[in-house]
Amino acid sequence: MVKIGIVGGTGYTGVELLRLLVRHSCVELTVITSRSEAGNRVADMYPNLRGYTDLCFTEPDEEALKQCDLVFFATPNGIAMKQAPALLAAGVKVIDLAADFRIQDLQIWQQWYGMEHACPELVPEAVYGLPELFREQIRDARLVANPGCYPTAVTLGFLPLLKTGVADLDALVADCKSGVSGAGRGANSAMLMAETGESFKAYAVAGHRHQPEISQNLARALGQDVSLTFVPHLLPMIRGIHATLYARTQDGVDLQALYEETYADEPFVDVMPPGSHPETRSVRGGNVCRIALHRPGDGDMVVVLSVIDNLVKGAAGQAVQNMNLMFGLDERQGLDLVGLLP
Amino acid sequence: MVKIGIVGGTGYTGVELLRLLVRHSCVELTVITSRSEAGNRVADMYPNLRGYTDLCFTEPDEEALKQCDLVFFATPNGIAMKQAPALLAAGVKVIDLAADFRIQDLQIWQQWYGMEHACPELVPEAVYGLPELFREQIRDARLVANPGCYPTAVTLGFLPLLKTGVADLDALVADCKSGVSGAGRGANSAMLMAETGESFKAYAVAGHRHQPEISQNLARALGQDVSLTFVPHLLPMIRGIHATLYARTQDGVDLQALYEETYADEPFVDVMPPGSHPETRSVRGGNVCRIALHRPGDGDMVVVLSVIDNLVKGAAGQAVQNMNLMFGLDERQGLDLVGLLP
Amino acid sequence: MVKIGIVGGTGYTGVELLRLLVRHSCVELTVITSRSEAGNRVADMYPNLRGYTDLCFTEPDEEALKQCDLVFFATPNGIAMKQAPALLAAGVKVIDLAADFRIQDLQIWQQWYGMEHACPELVPEAVYGLPELFREQIRDARLVANPGCYPTAVTLGFLPLLKTGVADLDALVADCKSGVSGAGRGANSAMLMAETGESFKAYAVAGHRHQPEISQNLARALGQDVSLTFVPHLLPMIRGIHATLYARTQDGVDLQALYEETYADEPFVDVMPPGSHPETRSVRGGNVCRIALHRPGDGDMVVVLSVIDNLVKGAAGQAVQNMNLMFGLDERQGLDLVGLLP
Amino acid sequence: MVKIGIVGGTGYTGVELLRLLVRHSCVELTVITSRSEAGNRVADMYPNLRGYTDLCFTEPDEEALKQCDLVFFATPNGIAMKQAPALLAAGVKVIDLAADFRIQDLQIWQQWYGMEHACPELVPEAVYGLPELFREQIRDARLVANPGCYPTAVTLGFLPLLKTGVADLDALVADCKSGVSGAGRGANSAMLMAETGESFKAYAVAGHRHQPEISQNLARALGQDVSLTFVPHLLPMIRGIHATLYARTQDGVDLQALYEETYADEPFVDVMPPGSHPETRSVRGGNVCRIALHRPGDGDMVVVLSVIDNLVKGAAGQAVQNMNLMFGLDERQGLDLVGLLP
């Protein structure tokens, strides 16, 4: 049994980790910390867990975390980079669900996240936890940077196409839409139901932190930079990301076959039949990324549709997938989740 | 392995049965019929099942169904009563998720369902599939009438209180609210999102088919008739039923203790701590009924709050629970489902 | 032109007042205060008002408010009671949309609102702004206490029935459901869309501030106390209140005729035909209360369905209606609003 | 008073026309036809209209329609083209809210709409009812083709930019999102709330009827063809369209100034300040198109955000605007509608 600690378990990635881990047959949840909720039962805060765990939140306690085999940081940005070094030194593996270790270029990181990095020396070692790109490295990693939600959907959707070498890398567009749970559980009047229900808008069009992360992923995979316009939008619903990706290509590559081959052995990427329109609800609560390809009017614009559940494949589910890899478990363990439809 | 057939698998109770059964380790899904979708893959219609089943819908085929150990009818009212007799005669067990066998008094049934009963002789044998009331009879049953969604939430919520004998049985009120999935997947302009979203209303206040079912349940359990006002309402959301139950009682019974004792050994009824307000999302996708008790102002009105997922404990989950009982499996098998929150 | 000031215009009752007043042909909006938004254009915060007003929020400024004919307080509880005396002394009329002047019994007020009243001497003078009950007093009032949202829907729904004298006043039930805008625009994680969407729950079952307000209304109208169980619930939608009211009566009064007569001359109460189920969307954005009556199974339980838009007839619309009365305008002026359906 | 008839008033564009026209001070509604609802009161079907009209639906009646000054067709495609000629011959003006007269190239029309055109001779005369493009022609028109919802948002959003001549016309992208009311009120299981709620998807990526309409608009205005990829998506909400438009341009034109100038005198186009993210709710129920411009990272991709209410500026509101022009009324008459926010 892998002994698990969770730092900052009161947010949505925290409760989603709990939903997955309480039913995972190879792990033992031993500690979950929260300053604000210390002493309270987890299931009092999240009644869906009643009957599944008696755990209480505790004050942050480095000694208790050091007894774990793995610690998940489900914290805001800037926490894991401070606490990970001591845990790693004690032989504990770490998965950070925030952004502290996602960006290899520290200058870019500091510019977008507005703080000094607390342990720059660990950044080169951190493995970017997208198994479809870095599976082998993840198996051997001590420190995994769990990907952002948008970057997961966009990277998986674009990669096979861009790797063909026939797409125009100068004018990629990722028009992305996310449910509100991506904004977290913090008190924020902009995310009230009365503000976000029955309405739709773009946000952060001038620039969003997930843009450099996506660009880094594509550049690393392609060996060259791309020019990507990324526009996020806020959906009046809770879970789900839909990425609509646009790229021009002169060439008549059989993209359907290409994508099917690329992802043939991937347990959590589903290339749908030609003509499909994946719905976010088909992956609600599941760890799958579903992808469909279109070429409207047989023209030179390719449209890729890519959907995930932002809290699962876009966060907690992918973290569990990474954990499985890091501990030599079946990659699918605990992730056998059928999407909740309707 | 229990060989399973499903008749009418294209509706919401059908897809929900599939969601549960494809991950149930003791069953084998062998046939699923649908006149309209015969020949099509189930996973094409319900992409959340992609990767979990390759089954295709088939034309109704009595011979194939007779090879099963158990057939679920996820059909409209009036179908099971025509097809069940032949299956039972062939030694196949039957669970009807519709209402054909729920009401013991045929006259009442015919009045509310507006048709002649096709096999009145089987009605007395049919066991009402609420395990909390009829567990032992379900174990031995050939034919189970799976309860309605409202009746499940209301019966479980009212019973311990009414069995005390101190509540006034003349003026019970069940003010119930349901998500739209209870109305099914049929084309119906009244259930469009543009009609039901961002709005709320009562319906069928003059009388609803679930009223005689609830009244029958309470009368059988109490040994006397009750007078119940049942008002259903339609919620602008998909899954979930919330029953708010009102009863007067002069007596100072410790209801919290009473409910906790009554349901102490029930795997799927959760009595919450005093002061709780159960949310439907805490049972979304799960097979649990959560109940909380209030006595506003310490007066003589007791308020019971009872929530279920109408498609799980209110339909497909309860049907699987009944199947487990009928085949001597662990009652919880395949129902280890944490509610999807948020 | 009536010169209008608004104190605290950044909340939902504030913006709703603005929506109504910018199109009201007899008023001139002269000042709108907000500590947090002082200096900002109202239309920058509420872009639906772009093109309708160039007004900016200002710091609270008693002198500017004293130049007005009428000041609306769209503030949290406890503000109007501090500022109203000086305005009234300066000859300015006041409508408080919060609760400071709604409850005549100060002890009850202080118990429910948890503060000392700052100007108890004005409470007896304050007129409760439900025109259907106190139209004549409102015409002459200097100080109007605009009713709460639930109390508006429940009082209008119950009154004609209870005034018959044949209903049992000992066991009234008001099962009420509200959209989330009733909770205001303050940052509150419990009201996030990710917390309130796709779910339903009761709240404050042990006791809610609107209960004593409703009880006071009924007692004043009937000349005797009633016993009312009031249970509020939170709907996964933005606007609208639906009150489902239950009362027993032995007598065969023709309630439909009674309600139609009672409200025949009321411009903003609509008694629907027998058998109706009013939807909240039919009053979305409008100032109407729609009511329908049922007697299920012709039994002795009467069910009254009453719907309003909590921000209009339940707040800002009713405040404008009161303003019209106080200044001798047509009561309907500026309230000619067709519900937005769908 | 302009005498108005409406053919097919039971759909959403019909009820929205009614919402606007019952409060329009210069019109008299004289006849509204519906085969299915003939004899029923309009307000029984749409209770938001109770108190505003006593009109009943009537059987289609050409003679009654011929007494009108103007007839709106709020019918499915293919109806107006059969009935308009007789009305025009009788001197009645016609506005078709469907697509019969929108496309000038009959071959394209027939290909996308799958039927033979019933009166090709009228197509050249029909004026495309986008006042921002064809105001003067509309004033003199007998027959107006009211634009589609997507074409309104996309055309208004793209035009000023494309007219600069510096944008790349070969790779335009219009990623559009619409609320479900755009699909109409017909019974259709795909549009049930249980199918469309809490989920998001693209549809018709291979090709959508509004694409040739948009292309025609742009080509007519620019005098040359453009290559546009148009991808529509379905939002889990009722009203609102959000178009996110992408175009490349090498040139450093001051687009903000350009758009502000272009639309300076337009009563129903609002160019928002730089950095804005228009929300669909800011135009809910209103006749405005709000537009904002972005140039992420000061690169060569321009992003235009354009929002409308699909039932108002995208249908009934624009039809009333056209009516005002055709009858010499103030273009804003009856369209003084503040968006319903929240």
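Worth pointing out:
Just so it is clear, A, B, C and D label the chains in written order, and each chain counts residues from 1 on its own.
The rule is simple: a residue touches a chain if its C-beta (ideal position, glycine included) is under 8 Å from a C-beta of that chain, and two chains touch if they have at least 3 such contacts.
Quantities reported herein were computed from a predicted structural model and do not represent experimental measurements.
When the C-beta contacts at B-D and at A-D are tallied, the pair with the greater total is A-D. When chain centres are set by their Cα atoms, the one at the greatest distance from chain A is C. Separation between the centroids of chain A and chain D, computed from CA atoms only, is 39 Å.
Mean C-alpha position of chain B lies 45 Å from that of chain D. Multi-chain contact residues of chain A (touching two or more other chains) are listed as 12, 181, 185, 194-195, 197-198, 236-239, 278-279, 281, 284, 342.
Residues 171, 173, 175, 177, 194-195, 197-203, 205-207, 227, 229-231, 233, 235-240, 242, 244, 246, 248, 275, 277-281, 284, 294, 296-297, 299, 301, 303, 305, 307, 342 of chain A are the ones that touch chain D when the two sit in their complex.
The part of chain A that touches chain C in the complex is made up of residues 12, 179-181, 183, 185-189, 191-198, 236-238. Of all the residues in chain C, the ones that touch chain D in their complex are 12, 15, 19, 22-23, 44, 46-52, 181, 185, 197-198, 238-239, 270, 272-273, 276, 278-279, 281-286, 288, 290, 311, 336, 338-342.
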